[in-house]
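Comments concern the structure below.
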Amino acid sequence: MNAQKRVRDRLIDLRRDFHQHPEPAWCEYYTMDRIVNEVTNIGVDELYIGREALAPSEQMSVPSEDVHEQWLEHARELGADSDLLAEMSGGYTGAVATLKEGNGPTIALRVDIDGLYINESTERDHLPAAEGFRSENEQTMHACGHDAHMTIGLGVLEALKESEFEGTFKLFFQPAEERGSGGKPMAASGHLEDVDYLLALHVGLGHPTGEIVAGMVKPLANIKFTAKFSGENAHAGVAPESGNNAIQALGTAIQNSYAIPRHGEGATRVNIGRVEGGTASNIISDNVRIEAEARGETTELMEYTFKRLKQVLRESATMHDCDVDFEVTGHSPRADSNEDLSAVVYEASKGVDGVTDPIMQADFGGSEDATCLMNVVEDNGGKAAYSIIGTDHPAGHHNSRFDIDEGSLRIGVETMCDAIVQVSREKP
Amino acid sequence: MNAQKRVRDRLIDLRRDFHQHPEPAWCEYYTMDRIVNEVTNIGVDELYIGREALAPSEQMSVPSEDVHEQWLEHARELGADSDLLAEMSGGYTGAVATLKEGNGPTIALRVDIDGLYINESTERDHLPAAEGFRSENEQTMHACGHDAHMTIGLGVLEALKESEFEGTFKLFFQPAEERGSGGKPMAASGHLEDVDYLLALHVGLGHPTGEIVAGMVKPLANIKFTAKFSGENAHAGVAPESGNNAIQALGTAIQNSYAIPRHGEGATRVNIGRVEGGTASNIISDNVRIEAEARGETTELMEYTFKRLKQVLRESATMHDCDVDFEVTGHSPRADSNEDLSAVVYEASKGVDGVTDPIMQADFGGSEDATCLMNVVEDNGGKAAYSIIGTDHPAGHHNSRFDIDEGSLRIGVETMCDAIVQVSREKP
Amino acid sequence: MNAQKRVRDRLIDLRRDFHQHPEPAWCEYYTMDRIVNEVTNIGVDELYIGREALAPSEQMSVPSEDVHEQWLEHARELGADSDLLAEMSGGYTGAVATLKEGNGPTIALRVDIDGLYINESTERDHLPAAEGFRSENEQTMHACGHDAHMTIGLGVLEALKESEFEGTFKLFFQPAEERGSGGKPMAASGHLEDVDYLLALHVGLGHPTGEIVAGMVKPLANIKFTAKFSGENAHAGVAPESGNNAIQALGTAIQNSYAIPRHGEGATRVNIGRVEGGTASNIISDNVRIEAEARGETTELMEYTFKRLKQVLRESATMHDCDVDFEVTGHSPRADSNEDLSAVVYEASKGVDGVTDPIMQADFGGSEDATCLMNVVEDNGGKAAYSIIGTDHPAGHHNSRFDIDEGSLRIGVETMCDAIVQVSREKP
Amino acid sequence: MNAQKRVRDRLIDLRRDFHQHPEPAWCEYYTMDRIVNEVTNIGVDELYIGREALAPSEQMSVPSEDVHEQWLEHARELGADSDLLAEMSGGYTGAVATLKEGNGPTIALRVDIDGLYINESTERDHLPAAEGFRSENEQTMHACGHDAHMTIGLGVLEALKESEFEGTFKLFFQPAEERGSGGKPMAASGHLEDVDYLLALHVGLGHPTGEIVAGMVKPLANIKFTAKFSGENAHAGVAPESGNNAIQALGTAIQNSYAIPRHGEGATRVNIGRVEGGTASNIISDNVRIEAEARGETTELMEYTFKRLKQVLRESATMHDCDVDFEVTGHSPRADSNEDLSAVVYEASKGVDGVTDPIMQADFGGSEDATCLMNVVEDNGGKAAYSIIGTDHPAGHHNSRFDIDEGSLRIGVETMCDAIVQVSREKP
């Protein structure tokens, strides 16, 4: 009882420290320092960091050097280890920790670690503000629960060491999930090659404390990208004909992007979520930048949509004598939870104190780059499942008032730990 | 001869000081301090500043308090008079200086004083960089020649005091010409009510040193405005239908704005020169802001275009369940130079040393808010003309390498001074 | 055996006669004459024609008087009964025949009777051309199998008279299915009020001879309509501004219609399938007419799409100072086959000679206005099912080379007859 | 006096016959028969018909064989000469008649001969209806005054024979002016090579009886064309993604065509005046045909606009996986009346009874393919002028109630005849 409370308190402390120090994608420097400390204290057999934990060639959407320098400096001020920082400098965040306990299958758990560019609420009824662990970093916030994910991951590692687990356990700390840009390089790291079972988790998503969804299915495959239209400036009064108008290219692009034909075989999505370009009202604009995405019920449907979307953007540019360049910034394919593995999580959850509503399967409305890792494991003949740990959350994900019920941290740790132990018995 | 050289050197020094300290529209605090000092040294009968020089109720496109505070601080650091700054604080820049010399008509000269948001070239063959008077203010530059305009204005004032001028001379220092937002409040100041003749001038515009265009005609009437679309955010994957997509409203608006019917009675122009909105690829955007303008060969044609443009923007918003708000930020009607008054400038220029190509009349491709002042004078039965003082300029206006031939400063002063003296003899 | 061959030959003769004389929606005059003759020969207890068989107030998309006169004349030439023609004149085609055989539930079968505006193939390997029963009517063809549907309906009626059927059997001959405009008025006729079980059927749809799909589910709800934009003519060279350009309204409408947001809850469709307007290149067009439709996975999703589509068309018109008028021409809601009733058809089909692949349930990609009738029956507490009678078809539906395997006619008759007899035993 | 009345009556009879028998472009068979008869009766030295009067290779927008056959049959019924009809069959209408009277310059007059697809008014206050010479041909009408042009041309020929004219006179009867497709082949006929002076004329255009405009200037250069988008059909419900949607290509094309940048150097125009395509609401359309045009204040500005218009149409097609084909159907460059030649007409008109307001020069709002001929003459060193013969017209050109004041026929004949005689004296 006391021990359980001690664990619970430790989990809460850890989560609050992560919550107070959110860092954006590819800049999780302080976060990584803290993770490495925790993992080292718990004790693992192997620990891979940065370039050894993910494939640099697959990294997308890495910020500029300035941004890195600012977050490195911030981590230094918080006392992060300078050797570790040097190793990660330039966006090589992420880690894989391995525990080897006798013979048995190789089981992995993947948690994500990045925050969002959101300014956390200062209102008194927002618990992190009231209790003093609101984000110290302006315009940056753990508003999606990744602070809880890391905490649960570390909790599982610690709990497994004290369990009857036999086999190899790999804990993946994945950066840059929010942009969908960290999953692919981590999937290509090589560390998944021998994994027999992969688990991943998310808190909340509308499921209250007491619910566990063992296996999520039907996420939308997603590709995110930026496109830059470049044309030619001109004076809008004197010689409009001599301009190559990037804003007109944009207008054509917006209209035709959303009008890409729906597909008879399933749902597709298109969105241009951000536009910026031009200088002043009297100048024909020579530049516009957009952030856009294509989704599909299957990876093929996403690819159909992305292909047509690029075609629309290219022809829009050509029509107005502009050029357009694309850069893919995020990618997550379709992947569904394996039924057998989900069943193990489902059964495990039933035995956990506080789980009132175990659910076998549910649809996932959005997208997740854990699917990159899931597909690698499935392609190698392994099994993967993505579970939800229910938690009461007073506001929606990506909202400045998002928060979790910290009581769900322990539920998450116990459910995952028990499932892993159970799976480890099923020698493959 | 020595005196002439002294004058010439004084003009160059003055212009270089203005050039080195450009300030944006409504923030010409240091500039005004320098102008007031010069005017006071020369000696005038009346001097109106800020709220007394222009109608505050007609001001458009005034920046936020933060911006003012920054430029006030900058002027303070340069030693500007604190009482004067207090009087102008909040964007009440601009001045009217009056010289009374016996009986005669009231003749006005209008010069503009604001700089542009352009980063001045640092290249060695850019004279201001080579000779050390490049802009001290990052992202701000006199790239249109207003530094020369002020200098010529002050030169004319000084020269008139030593001439046979008889009558009243009013020198208008107009802020915020670049946005077309300073002309209207200055026109409404009341100081033009008794003006019989109004002159205005611009350097360059493609005319080399030695050319003088006595009277510009056919500027395009122009109205500039911002529009903000506001809709409703939504998750682009989970529930796109629940968003009211401001970026789709933008797409419809761009396409239809440029497609507003051409007019059988003369030229019209439409431009959307700046767009910005939305947050990220996976969010249906709830906001977009644009900077746009409508022009016409006549004020009526401009109004036709502006009316249809607002209609397009409104219906684009309604179509996508968004709202749209407009704010007019600049306005300049059509006004043509009076032929009689142009003829006086034309004749005067012939007698000026260095004028090789006097031109009676030329078309003006762009727009100018001096027309606001010209129309008030014409409506009161007076006469107005807008002249070009030719100057060699190595790069186009609004270019980071724009510069003038300082030899044209003296030509401008002498031409304007002689024309004013000549007009003063034509007792009305 | 001989009897079976006789029935088979009769069915083929009947189908070929229908095939040779296709008539478009609301003009099925000869077809109705033939149906009435057949039904009368077989012998029924009640027979309702035209205005007594469907609700005239709910009729949509009825052609002009000229068109009716042409098809009436055509039917007269083929020897159709003049009293019958007079009764139907003006588009009151359609019939309901009732057979009363003792106590038992009321069971209905609905078949559709109209042809399409397609020119039938004359190629030698197109069986109707080779064997001399190709359409006699230019630009009109039974290219969807309604000739087979009527034939099967009449075959079932005849077979039931010789069966152990006890109850009331109603045979609905529905006009104007191809436009989705006949289902609604027939559903509102009152003849469905006492129906306990409703069956409907379609041949082919990609299912070969030997397959039977007992219950179709998930048709797309569909609404079809025409819209007319009216503006103002103008000379495109002299005064384009004085026109209200219906073709510009069309351009805006097309672009934004297809871009109506996809819906998170299921599939939607938008199509503008026909456009026509304007007169000549040098006239700003004052009129455009379109034929369009909205679909949805559910009736609600169709209504969401239709509502936004009307909004797009209205705002497109207003933007260009035009008006727009709508006329709904077809309507079919979502309705799924009842599982219990489907099960009866499924079991019945198993016992029919030639049925090799009975299928319990399948998705329906397109739309069908039989759903209008199905919903009335379901709303009254009855059960409805829509079945497919597999048939080899050498070309797709709505293709000029469409044809059926006439062997499937007997399979259809027997399956439906057996199912009806079986249902009649389940006294409700 | 009596002679003058006789001439006047003859002109009116002739005009009314033409008016009663209007024929569309390239189908002026009866009209040509009547012209040939008149010319032969008057007596000329040479007469070139059809293929000898215009360059067949330059013909544009010639209708289909069916249309020709219908109008040939119509001419036959009216008693036209069968040899002549055979010679012209297939659209080779048009004629050049030459009169040689001693030494002197070669002077040409061009008149156009085609009618419009307009249904003439039957109202009693429409004079042609009241007096029995309303168009006998449904949907065809001389609603632009070409009946008057031909009449004046023939009147000038007759009058010249009785005048002191010395030189060569060529009378060009040009077909297909309304589509802008007859001017180019006539200009390429070779008959203009030796022409020193070319006159052309139009009645009305808002100028009342008594006004003569000696020289029109500033017509808009014009190019007319059709474009056909071809894509791929698909079922709009089942598989919208498999279609290549020509109607979506149209939507993109319309939006971007009108949005082609205005040009700083002068007026431009774009219009899509006719659209038609697709089959039914539930089919993704595989075809759309448009009739469109581009204009410019100069030929260069028209070409700029046409080039961008083709680019817009091409990229719109490519964007939606469609093809697009163009066919130019009409072409008229910019050409201004020569001042010297206009002055002769101006002076001549002053001496004509009934001319109250001679005008030297006026702007021409629209387009005219007489400019094709004018440019050939000017390029060869000759002079060309286009004059307006004022006439009261109760309704605008191209209106079903258009009519002329027949009193202006004589004014036209006398003005042109006198001018030609005057020019013939100016031996070049």
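Going in written order, the chains are labelled A, B, C and D, and every chain counts its residues from 1.
Basically, a residue touches a chain if its C-beta (ideal position, glycine included) is under 8 Å from a C-beta of that chain, and two chains touch if they have at least 3 such contacts.
If you're wondering where the values come from, they're calculated on a predicted model, not measured in any experiment.
Colleague: For subunit A and subunit C, which third chains touch each of them?
Modeller: B, D
Colleague: Farthest chain from subunit B, comparing Cα centres?
Modeller: Most distant chain from subunit B: C.
Colleague: Based only on mean CA positions, could you tell me how far subunit B sits from subunit C in angstrom?
Modeller: One centre to the other, that is 69 Å.
Colleague: I'd like the Å distance between the centres of subunit B and subunit D, where a centre is the mean of that chain's Cα atoms.
Modeller: One centre to the other, that is 50 Å.
Colleague: So what's the Cα centroid distance for subunit C and subunit D, whole Å?
Modeller: Roughly 51 Å separates the two chain centres.
Colleague: Could you check subunit B for residues that touch two or more other chains and list them?
Modeller: If we look for residues of subunit B contacting two or more partner chains, we find 237-240, 248, 251-252, 255-256, 258-259, 261-262, 264, 269, 284, 365.
Colleague: Considering only which chains touch which, label the overall pattern as line, ring, star, complete or other.
Modeller: Chain contacts: complete, every pair touches.
Colleague: Where on subunit B does subunit A make contact in their complex?
Modeller: Residue list for subunit B touching subunit A: 220, 222, 224-225, 235-240, 247-248, 250-255, 258, 269, 271-285, 288, 291-293, 295, 329-330, 365-367.
Colleague: Which residues of subunit B touch subunit C in their complex?
Modeller: Those residues of subunit B that touch subunit C are 237-243, 245, 248, 251-252, 255-256, 259, 261-265, 284, 304, 311-312, 315-316, 318-319.
Colleague: Would you tell me which residues of subunit C are touching subunit A in their complex?
Modeller: The touching residues are 255-259, 261-262, 264, 266-270, 365.
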